[in-house]
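Below are two complexes that have chain A in common, paired first with chain B and then with chain C.
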Partner chain A sequence: MDNNAVTGRVSRKKISWTPYVLVAPLFVLMLAFLIIPLMNTLYISFAHYVAPAVYDTSAITMENYLKFFNTPNYITTLVRTVRISVLCTLFCLLLGYPAAYYMSKLSGKKQQIYLLVYLAPWLINVVVKAFGWTLLLSSNGIINDLLLYLHIIDRPLQMLFTEGSITVGIIHGCLIFAVLPIYTSIKAIDPHLSYAAANLGATPSQIFFKITLPLSRMGILAGGLIVFAVTMASYTTPVLLGGGRNRVLSFLVYEQSNRLMNWPMGAAIALVLVIIGVVLVAAIQKFFEANRRRRDLME
Partner chain B sequence: MTTLENVWKGIPFLGVFNALLTVFMIVPIFIIVLVSFSPTSAYVIPTTDWSLRWYVEIAKYGRFIYGFFLSLALAFAAAAVATVLGFMASYALTRYDFKGKQLLDAVFFSPLTMPAVIMGFALLVYVSKLGFYDTFTSFLLAHILLCVPYVIKTISTSLEGISKDLELAAMSLGASRLTTFLQVTAPLAKTGIAGGFVYAFLVSFGEVTIALFLSGTKMTTLPLLMFNYMQDANTPVIAAISTLLIVFAVLLTAVVNKIVSLKDIMS
Partner chain C sequence: MELELRGVSKSFEDFVAVDNVSFSINKGELFSLLGPSGCGKTTTLRMIAGFYAPDVGAIYLNKQNITHQPVNRRGTAMVFQNYALFPHMSVYENIAFGLKMQKVEKSGIQKRVKEVLNLIQLPGIETKYPKELSGGMQQRVAIARAIVIHPEVLLLDEPLSNLDAKLREELRLELREIQQKIGITTVFVTHDITEAFALSDRIAVMQKGKIMQIGTPMEIYEKPENEFVGAFVGKYNRFPVQVLEIQEDVAIAAGQGNGLKLKIKMNATPLAVGDQVKVMVRPERIRLVARTAVTATGNAFEASVIGSYYLGTQNHYEVMMNGSVVRVEMANDGSPIFEKGDRCYIEWGLEDGGYFK
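Up next is the complex of A and B:
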């Protein structure tokens, strides 16, 4: 009997096989249907396209990647995707910070209600959310009707099927990813710091900018990174709210895989999407760390 | 003295900002509910005559009803398998210390950070090769993978909350490891397991991106049908279906929030 297992201590001599048996089914499943398919994707991105759903892996080629970076349409799409992601990240942080700050000052019951308000978009199907925005933003939608009725505009504004509508839709869905980490980091700040500062004569705005904001920067970083990564890879919202002219990278992957069935090219675009996401996330992290080091040196 | 500065200071900016933000969060969802009662085939908010016509109309859309039951079956199956396998893994991860634990943890949580487009693409190429493109099996596998992180997170949290002293006490009184597990650990982890199941169900039921990649003509889940329908024809029937889905989500959330705090799962 390996009673030691319960206490978390493992006897040095005897290896307990129980945990391995317990994780094995799930691990095998994930190996077979996640890790191997992903490796396969990496592999075929270097393959040569022959015909729909047919590719040749006899020789490794960079042609798919070269084609990607030499096609102006793809580059435009890449730039658009990054632009939308950066905008969404900035807006989610700008809107999410005050929201999280406000929430952290509320009492239990009220806090729960606010939390549900921000969680609501996460719980509701992405397609349903996009439909809601379509109703609001389309040229004969609610907002245009209202503005026409109030004589603020003469003819309907084109709001749907623009980069703006994509951005708004994504902010609505992603705000919670910014709010939660920021909220957690604000809550973790020792309230005595603020009391002490106030005692020593600091104004509320001084307390906020000298204590609360700097101490919650890790929450800002975490929230920003999640929003950025989610936006870079989002598919449903950009397709439904962006229409035919505002394609994003993830649409190109779908186009190659299910319409043109050029799987090597699809794999290459998918990997470009992942790599750019990872590189930008790493760069932002580096930037934050460098900043922190500089601060630490100055203090 | 009411100077301009005092008036300026008197406005609770933060409160106003949050009220506006709340409106922003709620309006796109609320508007669907209103439009679903539209008496005409246009998307209008009914002012005088509220009509249930589009709810009645749903019955005529056989594909949507088929899609609903397909999604339901898929979500139940995926959540059930994910909960069983996830529970086993959570038990190992919280109760034992073993080599490769960190690695396994990373693998089990990877679907959370993996873009759905990438997973969809990788699985499409893979299952096509294996010969089960557009089948229930391929959807089930994909959905299990997606649900696993939520299940493990929920169940691990509840297992960590169970004092190991209780288990030790049972065993020191002569209960075997299996008996201890069945009589002590499992009953105490019941709510966590239920929470994990409901989360998995929610995730699977709403999934659309991977479905787009893996679906041909047979596997048309409800979110997928709505996605396609929204791009083609449009009548308020989609608003009626959306409203039912919103109600469904709200009810499930109310249940799950009683079991485990949503905040704990998200962060």
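Up next is the complex of A and C:
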């Protein structure tokens, strides 16, 4: 490559095209089906609504965004969406960590079976899953029937069509997203570290809090962010398990765009959802970054 | 006696890792477990540390039975082959870890961390993280972390194996110096013979879970008690012979069908006429000479040189004697070097060889 000595010419580093070639197909896909539609949505959100499926893009107007932030109902929905996302993230992490920890101590076959159990919800369509929860939680569902039969209650409990049922339904589906990254980060910890810590006098709980937990931080972060992002964007589960009284932002987008055909409004709400999501994710990441005392952590 | 193992055995499913191992170590001694991979030395060390419990047998530290004491309350401290430094903690925090577990107060911790960093000759690196340190520095920090808690016994699991040759030699010397300086009883596991010899007060050679011999490096090298030890710790020439007659404390033996006649000095293991033995002579104890004079008091044979290797400080020869290849190593002291094809004599005194039944 370097033929200075022979020809005396200044040698240039040959550009390696391989990385670009490898990334290109995905990049084109993302560009065509994500970036461009998103840009289009942004563009439409600044348009003026004329009639169902008709909008005027001649002038930029903020009316859709203003309408959104001035409608108390919409703000409530936004807050509800964030609240549910945060709760689902917290629960998935709290439930997922012990599950991942236990799984990391299993060997071979047992581990695979365990993994399959957590993956199982994903083998079922999301609508079918939601209906499964309906069977369990509705007023004449299995749980209420059992409680009534045992005379623990004398009127059925309202469990379905609440924020609680949405949260439960989402956790059911999202737990695996928390378990896997946490499992991976625990597995990546050098087993000799806990031997060393024990040898130096640490009890099993001290080993967990001083060694295992800190070293699995990145897995917790990754799992948490994935659950958060998926929950924010969740549509089917909240609609089926939340009912008309517990709407989430994604449903509003659907309502405006597909029912009322008010595309500028739908676009604006969609953008609000995307931006809130991105901002929160970035904020959490920054928070974690700031807590790293130095670059180049083990992970 | 500081540390004692009595009849310790451990199996993993069908595999017997440690088989009836017993030894005792004195206070301040550096005792090595030496053997090939899979001989059970690391498993034994781990049982002393408490990571595994023996199936049978007991371990005593300072006359107290610690066999079933939990890992974190045993008075042992271990240094691992891959250092096992906590990557998310600074050097200071790593070293302070054991002291924190012992609930030493802050000023005491600061003082002791400083002292031990001076001992390992790395003052001032408290704020660095393991990733920023070289292998040699990491290993020294690992050693510091172990000794700062003032354990009764220091356990070293092949601590130098991950280092390159030059660093290994340097650190070896330092390790011995530190150990002697603080006078701590140490158990050292290795498969490297030179390392074990250079560091140890005494060595236990292990094979397939059993102890083959315990002794000082000199005892093990000069007076191996069985063929495995003899072959493991150095090169040797083997002559299978049968005893023909015995004259006082010298046995005369002959090789099968090759006309070889050897004199063997008898040691603690007596020989009788008709015994089949393997005579063992180390290459450095054989002399290659042009003329021989020891026929009466030693063994001398005609031979022809089939290989001559000049190695600077030494000359290594391969000679053909009575149908077998004998290896000879001689220091380069200025005497003439034999070349391939030369006829010569090889000789060794009766004290220079040993035998095994």
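The rule we apply is simple: the second predicted complex is superposed on the first by the 258 of 299 C-alpha atoms of A that agree within 3 Å, B and C clash if a C-alpha of one lies under 4 Å from a C-alpha of the other, contacts with A are read in each partner's own complex, and residues count from 1 in each chain.
Just so we're on the same page, a contact is a pair of C-beta atoms (placed from the backbone, for glycine too) under 8 Å apart; a residue touches a chain by one contact, two chains touch by 3 or more.
Owing to the predicted nature of the structure, the values given are computational and were not obtained by experimental measurement.
Participant: Which holds for A:M30: it touches chain B only (first), chain C only (second), both, or neither?
Facilitator: first
Participant: After the superposition on A, what does A:V281 contact: first (chain B), second (chain C), both or neither?
Facilitator: Neither partner.
Participant: Should A:A198 be classified as contacting the first partner (chain B), the second (chain C), both, or neither?
Facilitator: It touches chain C, and chain B stays clear.
Participant: After superposition on the shared chain, which partner residues are touched by A:L148: those of chain B (first), chain C (second), both, or neither?
Facilitator: neither
Participant: In the superposed arrangement, which partner chain does A:L157 touch: chain B (first), chain C (second), both, or neither?
Facilitator: So A:L157 meets neither chain B nor chain C here.
Participant: Just to be sure I read the superposition right, which of the two partners does A:Q206 touch: chain B = first, chain C = second, or both, or neither?
Facilitator: After superposition on chain A, A:Q206 lies in contact with chain C alone.
Participant: Looking at the overlay, what does A:D190 touch: chain B (first), chain C (second), both, or neither?
Facilitator: A:D190 contacts chain C only, not chain B.
Participant: After the superposition on A, what does A:L215 contact: first (chain B), second (chain C), both or neither?
Facilitator: Only chain C; A:L215 stays clear of chain B.
Participant: Touching A:V86 in the superposition: chain B (first), chain C (second), both, neither?
Facilitator: neither
Participant: Which chain A residues lie in the overlap of the chain B contact set and the chain C contact set?
Facilitator: No residue sits in both footprints.
Participant: Any idea which chain A residues touch chain C in the complex?
Facilitator: 190, 192-193, 195-203, 206, 210-211, 214-215, 294, 296-298
Participant: Considering the complex alone, what residue numbers of chain C touch chain A?
Facilitator: So the residues of chain C touching chain A come out as 49-51, 71-73, 76-78, 80, 82, 84, 86-88, 97-98, 101-102, 129, 131, 145-146, 149.
Participant: So in the complex, which bits of chain B are touching chain A?
Facilitator: So the residues of chain B touching chain A come out as 14-15, 17-18, 21-22, 24-29, 31-32, 35, 42-43, 45, 85-86, 88-89, 91-93, 95-98, 101, 104, 107-108, 110-111, 113-126, 128, 141-142, 144-145, 148, 164, 167-168, 171, 176-177, 202, 206, 208-209, 212-213, 223, 226-227, 230-231, 238-239, 242, 245-246, 249-250, 252-253, 257, 262-263, 266-267.
Participant: Note which residues of chain A are touching chain B in the complex, please.
Facilitator: Of all residues in chain A, those touching chain B are 1-3, 5-10, 15-16, 18-20, 22-23, 25-27, 29-30, 33-38, 40-41, 44, 53, 95, 98-99, 101-102, 114-136, 138, 140-142, 172, 175-176, 180-181, 184, 229, 232-233, 235-236, 239-240, 250, 253-254, 257-258, 263, 266-267, 270, 273-274, 277.
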